[in-house]
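I am attaching a structure below and will ask some questions about it afterwards.
Note that the chains take the letters A, B and C in the order they are written out, and that residue 1 is the start of every chain.
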Amino acid sequence: MNGRRSFLRGFLTVLLSGGTIGGILQILPSKADAREAPPKGQKWYGFGVSIEKCIGCARCMDACKNENNVPKEPFFVRTWVERYITRKNGQTTVKAIAPGDEATPEAASDRTILRSFFVPKLCNQCANPPCVQVCPVGATFQTKDGVVLVNEKTCIGCRYCIQACPYGARYLHPASHTADKCTFCYHRISQGQLPACVEVCPTQARVFGDLNAAASPMSRFLRMNKIHTLKPGLNTEPKVFYANLDGEVR
Amino acid sequence: MGKFLEKFPDPLARLIVVVVALAALGAFAYFVLIPKPVKDIEKQWADAIKREKARPVRYAGFQACEECHGEVQAKKKTGYHRDLSCETCHGPAKAHTEDPDKVKPTIPTARAFCPQCHAYNPSRPRGFPQINPVAHNPLKPCTSCHNPHDPKPPTTPKECSACHGEIARMKAVSHHVQLECTVCHEAPQQHKVSPRSVKPSKPQSREFCGKCHGRDAKEKLAANAPKINLAEHGEKYVCWQCHYPHSPEVEQ
Amino acid sequence: MNPELIRSLQELLPQIQGYIYPNEIEIHWGLLIVVYPYITGVVAGAFILASLVKVFNVKEVQPLYRLSLLTALAYLLVAPMALVSHLGHPERFYEILLTPQTSSAMAMFGFVYAWYLMAVLLLEIWFVHRTDMIDMAEQSTGAKRLLYRVLSLFSKDKGERAVAFDHSALKVITIVGIPSAFLLHGYVGFIFGSIKANPWWSSVLIPIVFLFSAIVSGIALVVLLYMIITPLTGGKINMKCVDKAVDFLFYAVIVDFSLEMVDFIHRVYQSEEEIKILSEMVMNKLFASLIIIQVLLGMLVPLLLISLTKIFKKRFSLNEDMRKMVYFISVILIQFGIFATRWNVVIGGQMFSKSFRGLTTYKMEFGGIEGLLYAIVLLALPIAILFVLLKVLPPWKELREEGETGAEALGSAGM
């Protein structure tokens, strides 16, 4: 009787502790995250935004809505452009621009402006995406080439991913009642074309390419500029890189 | 089975039966009744990728127009709009490439179209050509003076403010309002044609500003300008390291 | 497409202060997601109260034992309704069971919920009532008899061995049940607390605060129900029982309040980047719901009232009715307070922009699935279910007995 009891005790101990240790190891961030050399020829898409080139014309917003069936109302965007104005008193105000905005009141000279610029924003297609982590049904996932997609056939519309995105990149599509967001125009880039926003940008403020390519606009962008990402402290490892990003930008 | 269950107390035995029945039912439902695609996440992802790739393309891309509109492309290639895609102004044109006669892209001629990029806005980058749409040749369509495929202005702009709108506007309400840009900057004619490759000159030394602001300044224009001792004022820095020349602030 | 939605979003536009990301104008987790943690909170709290009897042998609250279990069950059955109704595609809810993402707290929660419901609550209720169900089957006829036979799983054994097993099983289940109840509601807190994108939610303390406010709301609700049901069904309120339950409620409120104070002090002291917009939000948008309802009316006033009854014990013990009134008011205020707590967490977390530069507004609809009407229905439904449960598994014998004598008398009936 004692032998059986002690055996059971030992067995349970091993089982429980093994299980606990295994469970803890599972949830710790794996060392093999996104830093391994990818197999030859494997694309890993990234995006570049040059702040000093953006003229805030909002043609990218138009093109995206045209290309991707995004509702035309201003409440749903896959990409948008913010306008920052820092005044001499240190206050910064931000506004999202809309295509067809009237010339602003600052059209006349405004001596109180210290710095002002436009910041295009879109889904950062994070390498460590918090949205993928929280999706209960696995409807949002990361493809092998680094694009985060939403499977609109299985999305249950719980909106957890929308809450988990630190960048406000996601919205619930009012027609399909599923989560939606920028896909880097996956249907275009799979055919070797550029995303619609990159296509129509008149000043080449937006750059797209394979981060693993040896020579591309992306590689030059990453070489020639001081690079920043949005909210790096959250460790989402965004793949949209900003050149000359001002510290006021969130 | 009954014998086996008799070993357990009555409530436990009944619960065992219920749990086993539920487990069996659940297993049957999961493994037999539920079709594979519903359970297989990898397949769902693969299907989603396939569906995503099959979405219709609306923008044809910058290379698609060359085939039929080669002469326009040739003209555009050397002008200021060479970096623009055709579809930046003409809108999505994939449908046009598929049926060129039936579907035509838009040709924007309204005066409101060009100011979307070119209206003055202090947030726009320095040197980007901007105009005041209200004051700049009002009522005339933009295309009457500017060919959109080679939009150089009909005459080379005399004023720097044509491209340097923000600087001009700032200067216009500053203490330096009476100074022409050329007082401090020498701009070769080539700069107006090829702005990025040929830049205007900038003053290099404190003495330059001293021509008006030094104690012994002789410039007539500088009669009322504030004067400082060039040798002592501002330590080792050049003037524009503290003062913004286009809107020179002074301590009150 | 959805003209209702567009219209309501259009109305929100002028109410935006500062800058919000364009997609943030739509508040995604609305009233239904406020109702949900309130309901699961009551489940956890009611169960903890029940376990006070079984595991910690607090005999004075014995009369509340069965009532708490049935209350927990009634609320647990309604909880998933709030969640499924809220989904963009409720008909796809089964996917969470078939292809759950193991990294998602929401997915894993489905299994925690199922475990808790089946293995803990239903089992405990079954074991508690088994012998009574056998009795009631014997005493009924027809459909009612069949009902009890089915519910008791056709058991007829009231012998010593079976009853002894009932006892020990109950003990084990309740012991397992306490961490399960903690997990059930702690998980809800974790679902919020693990979202690093949202600094109002992202906090180690959120699961703990959720849990303690759950305990508070559960105990308060069961006391409230007891105080209403007993006189309605011709019984007399057992003040010893209520006093003891309110004791525990009092301590729970103190712990809950302290935890929330710690969270507040911690945030203000650390003064991280988001503190500016969060303070603005609390003072502008959440002032009524947080300062007035949650803190003042929901915690401080009940604390004060109950403290008064403790301080003036001698004076009040003469006047039982006064004490009853104080308790009654306190537990009602606490319900509002805890509901406001859920509101402040869920809605508050979405009223400020993740750009930290702006605030928006939540406009509660009246009709529709996210509307006030449906929420009230969902809050009332557990009461209706409880009504049915009390008819099927009446707790009157236990409820009516006076404190300790009751416990002894029931000792032979398998309790």
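Some points to look at:
The rule is simple: contacts are C-beta pairs under 8 Å (C-beta built on N, C-alpha and C of every residue); 3 or more make two chains touch, one makes a residue touch a chain.
Please read all numbers here as calculations on a predicted model, not as lab measurements.
With centres computed from CA atoms alone, A is the chain lying nearest the middle of all the protein shown. Ranking A-B and B-C by contacting C-beta pairs places A-B first.
Centroid analysis (C-alpha atoms only) places B farthest from chain C. In this assembly, the C-alpha centroid of chain A lies 37 Å from the C-alpha centroid of chain C. Mean C-alpha positions place chain A and chain B at a centre distance of 18 Å.
Note on chain placement: the centre of chain B and the centre of chain C lie 51 Å apart, centres being C-alpha means.
Counting partners per residue, chain B has 41, 44 as the residues that reach two or more other chains. Taken residue by residue, chain A touches two or more other chains at 138-139, 154, whereas all remaining positions touch fewer. For chain C, residues that reach two or more other chains under the stated contact definition are 95, 99. Within the complex, the chain B residues that touch chain C are 9-12, 14-15, 17-18, 30, 34, 38-41, 44. Residues 95, 98-99, 123, 126-127, 130, 153-157, 159, 161-162, 164-166, 169 of chain C are the ones touching chain B in the complex. Those residues of chain A that touch chain C in the shared complex are 71, 73-77, 80, 82, 93-96, 121, 130, 132-139, 154-160, 162-172, 174-175, 177-178, 234, 250.
Against chain B, in their complex, chain A makes its touches with residues 52-59, 63, 66-68, 83-85, 99-100, 103-104, 106-111, 113, 116-118, 138-139, 141, 143, 149-154, 183, 186-188, 190-191, 193-194, 196, 199-204.
Residues 1-2, 5-6, 9, 19-26, 28-29, 86-90, 92-93, 95-96, 99-101, 103-107, 110, 191, 194-198, 349-350, 353-357 of chain C touch chain A in their complex.
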